[in-house]
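Below, each structure is written out as structure tokens.
After this come two complexes, each holding subunit A, first together with subunit B and then together with subunit C.
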Partner chain A sequence: MRYLRLLALFFRTELQYELEYRTNLALEIVQIVVIITTSVGAVLILFNYTTVLNGWDLGAMLVLLGCFYLVQGFGELVLQPSFEKFMEHVRLGTLDFALLKPASAQFLVTLRNFQVVQLGQMGLGAVVAIVGLGRISTLGPGEAVAFAVALVCGFVLIYALLLALSTFAFWFVRIDNLMAIYWSFLDAGRFPVDIYPGWLRVTLSTAVPVGVAVTLPAQAISGRLDLFGLAVLVVGSIAAFILSSLFWRVGLRSYTGASA
Partner chain B sequence: MGEPIIDVRDLRKTFRVTERQEGLAATLRSFVRRQRRDVNAVAGITFRIEAGEVVGFLGPNGAGKTTTLKVLSGLLYPTAGEAHVLGFVPWRRENAYLQQMTLLMGNRTQLVWDIPAADSFRVLQEIYGVPDESFRRTVGELTELLELQDLVHKPVRNLSLGERMKVEFAAGLIQSPRVAFLDEPTIGLDVSMQSRIRRFVAEYNRRTGATILLTSHYMDDVVALCRRVIVIHHGHLLYDGPLADLAERMAPYKIITATLRDGAAATIDLAAYGTVTGRDEGRVTLKVDRQGAPERAARLVNELGENLADISVEDPPIEEVIDRVFSEERVGTAT
Partner chain C sequence: MIDVYRALFVGQIQAASQYRVQSVLWMLFSVIRPVIFLAAWVAVANAQGGRVASYDVRDFAAYYVALSLVSNLATSWNAYDFEFEVRMGRLSPKLLRPLHPIHYAVVENIVWKMTTIIPLLIVLGFVAVTFDARFRATPVHLVLFVPSVILGGSLAFLGGWVIATSAFWTTRVHAVSTLWDRAVFIFAGQIAPLALLPGALQTIALVLPFGYMRGVPAEILQGAVDVPTAMLLIAVQAIWVAIFYALLQVVWRVGVRQYTGVGA
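Right after this comes the complex of A and B.
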């Protein structure tokens, strides 16, 4: 409860901050709209020439694209700004302050900063997914629940991965490049993970689970994810979260502040 | 006296640092194989601090002051030794401990740059779980003591360095801590802001009875705030005792300042009375042996007679004493 209240408070302070820069806010919204409409356009053009892409028809593809923007939007809403700030804290030694608070330092650091405008990306993603869903129309309550669970698991997977990656900052301090590689991998998630060749599919499903984080929710909502698959996803996400949190703690032990 | 608030026993902290020579070749070599060396930042120090004390923690750069503060606040694990603060082992970082302490660093900020401090205060209130009523009272008091008023409603980046430090102080004290570690709280501030921060720390200590351990390069801070000082150098404790006795223990000499009447300065040689360290028109400063100081002063008065306009015998300035301590590394403890 306390952490939820804190989260709401973090969100509110960041919202206030973004509202101070109205022009910037407007430009970012335009950018989001342009990016999403062009990628929806690309899918529509593609489906002018074909009706099915490795088992994914237009509706399913739109759902997938919607899920992609939901997951990416979540990443850019809170994870990207927070993790960037986290690495800055490590570099400047201001992480000290978070460590000295009577609350989980991991929470205080990794869910602290928001780019509120990215809610727009998530909203548009939801719209695209719903439009796609209209063409499939198999959504029962079961699929809806499975979708919600799979989406949350997707968020958790992305979080765990970023946490594990950013932990390297404790040893190497500057790891911006590593994070950049990650964001470009995430881009691959806008297509179904099963259209990629074997080695890439394995990478996108395990080492860099962006494919899973996007593809599985899309499959869930279109009724193509069975209960077993969902269970594996849930267990996998929880395991990823626990392992990455442990890794973070190991990293924390090597942190000594910018000057000792 | 009850249990000490801060109890440190034979505390040690060794860092492993990477060494590298200058130049590209050395950099490349170091990239492949790092040369490492152990540095004893804190080499076995012991002290206790009672409730409500304000203690100055002195030492040159790299003496181990900040390392000690970091261990005591819970940021660093010591290599060996024990420490208890408020009965807690700091580096376990139990919430009950963190709730009651604060670490303020003059060169780092915990405030969010782009939003007004008042918003950061609200976040801190929530993190520390301070009830609304006491939050309002604390912020009200801090606002009055630090003269914050409208400062807290401006984005932090628009504040001057001094204003930011005042707001930083308020942020660090939202939870009304019982122990405060202040690391160079007045660094970079102008003289009048320094003295305001000092007055605030003294008043805060008086009002709340909080125990304060402070490091500073400005001796004025220490003179104004601390009756007791702990001096460390190269990680060793050199002195722990009243500030007033520091000069007596550490500097075996006194300063006699004799002011001579017009014209006399040119003809009288004072070198026979002590080492002449300064001469400014009629004013001559002499460094004399501590024990012999009263006798020298009496001789000056007798022998110069009419030619002497004024005379004073003082301890050397505290900066000079400290400087001497650090350059000579004399060991002594006044407890």
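Right after this comes the complex of A and C.
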């Protein structure tokens, strides 16, 4: 409860900060709209030549693209700004300030910074998904719940992966390149993970679980994810969260501050 | 001028050799997106019994391998750097030097492309084998590819600079360059080979400069166009390079008068 209140506080301060630069905010929203509409255009061009892509019809593809922007939007909303700040803290030795506060350091560091404008990306992603859903007839409460669960699992998976990656900053300090690679791999999530050849599919579903985080929610909402698959996803996400948190704590032990 | 360039090259090569891992990682960006769209088109072709219009699965592989190489050689990141320099006032000392700032960028651009070409070719060879690419290029195509990719790269570079100079007026060019990048994404042959763009989009791609930056050299390397068409396309590329060169002269001259160091 206290953590939720803190989270709301962080969010509010970051919102106030972004509202200081209104023209910039408007321009960023324009960019989001342009990026998403051109991506939808790319999908439409592909479907100009086919009605189905590896078992995904246009409706299902739009749902998938919507999920992609929901997941990527979530990453850019809070994870990317927070983790960048975290690495800077390690480099400058200012992580001490977070460690001394009376709350979980992992929470304070990894959910601290927001790019509020990215809510626009998530919102527009949701719109694309809803348009896609309009073309799929079967949507019961079961699918809706499964979708919500799968999407949250997707968020958790991405969080766990970024946490594990950024933990390396404790030893190597400069790891922005590693993170850049991660973000470029994320781009592959815009298509269903099963279209990729073997080696890439394995990478995208295990090492960089982008494929899982985007594809499974889209499958859940179109009723193509069975209960067993969902259960595996939930257990896997919880395990990933716990493991990455443990790893973070191990890394934290070798943090020494600025001149210690 | 030759001495100046030699000195600039030495400096840039020394700078680049300090960041070897970084430049190789950035190279992956040129590969990842073409591979994503290659996989998508292969899925489309498989759903359509192995081919889409004149492209079969192995043609798509060849096209996207070629496109990936061209993207790496015809990329331009000046707009982002330039915005930073204008905003931070770092452009001012550069303007005072006797050499136009563009020369530093030219050398930086060439050095980066030279240092990444070998690892890039290794990665692309791997992709070509995985997807079983088939090139239809004849030796003549390979010869024509050289001027075509140089013109495409020059066009992308000059275009990037024209976009970048808008920072003289707006300070922030991020939004403008996003628009530009997305136009490249749609029209330059990234989402589909130019031949497969639906009617109106194909016309736009061939009327505007975008298709000539990446799609045209890639199609020539793949061998998708016959030799007379290729020569015609190269001629159009040359015209666009001339237009953008002239345009840059004009906007630079007007814009640099507009520029004031922050706080002036």
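Everything below uses one rule, namely that the second predicted complex is superposed on the first by the 260 of 260 C-alpha atoms of A that agree within 3 Å, B and C clash if a C-alpha of one lies under 4 Å from a C-alpha of the other, contacts with A are read in each partner's own complex, and residues count from 1 in each chain.
Definition applied: contacts are C-beta pairs under 8 Å (C-beta built on N, C-alpha and C of every residue); 3 or more make two chains touch, one makes a residue touch a chain.
Owing to the predicted nature of the structure, the values given are computational and were not obtained by experimental measurement.
Asks: Please indicate which partner A:S254 is in contact with in the superposed arrangement: first for subunit B, second for subunit C, both, or neither.
Replies: The answer is neither, since A:S254 touches no partner chain.
Asks: Any idea whether subunit B or subunit C touches more of subunit A?
Replies: Touching more of subunit A: C.
Asks: Look at A:T13 in the shared chain and tell me whether it touches subunit B only, subunit C only, both, or neither; answer first, second, both or neither.
Replies: first
Asks: One more residue to check, A:L200. First (subunit B), second (subunit C), both or neither?
Replies: second
Asks: Once the shared chain is lined up, is A:L100 touching subunit B (first), subunit C (second), both, or neither of them?
Replies: So A:L100 only meets subunit B here.
Asks: Which part of subunit B faces subunit A closely enough to touch in the complex?
Replies: Against subunit A, the touching part of subunit B is residues 15, 41, 66-67, 70, 73-77, 93, 95-96, 98-99, 101-103, 105, 108-110, 112, 114-115, 119-120, 122-123, 126-129.
Asks: Going by the contact rule set out above, which residues of subunit A touch subunit C in the complex?
Replies: It is residues 24, 27-28, 30-31, 34-35, 38, 41-42, 45-46, 48-54, 177, 180-181, 184-185, 187-188, 190-191, 195-197, 199-200 of subunit A that touch subunit C.
Asks: For the complex, give me every residue of subunit A touching subunit B.
Replies: Residues 2, 5-6, 9-10, 13, 16-17, 20, 92-94, 96-97, 99-103, 108, 253, 256-257, 259-260 of subunit A touch subunit B in their complex.
Asks: So in the complex, the part of subunit C that touches subunit A is made up of which residues?
Replies: Against subunit A, the touching part of subunit C is residues 21-22, 25-26, 28-29, 32-33, 35-37, 39-44, 46-48, 52-53, 130-131, 172, 174-175, 178-179, 182, 185-186, 191-192, 196-198, 201.
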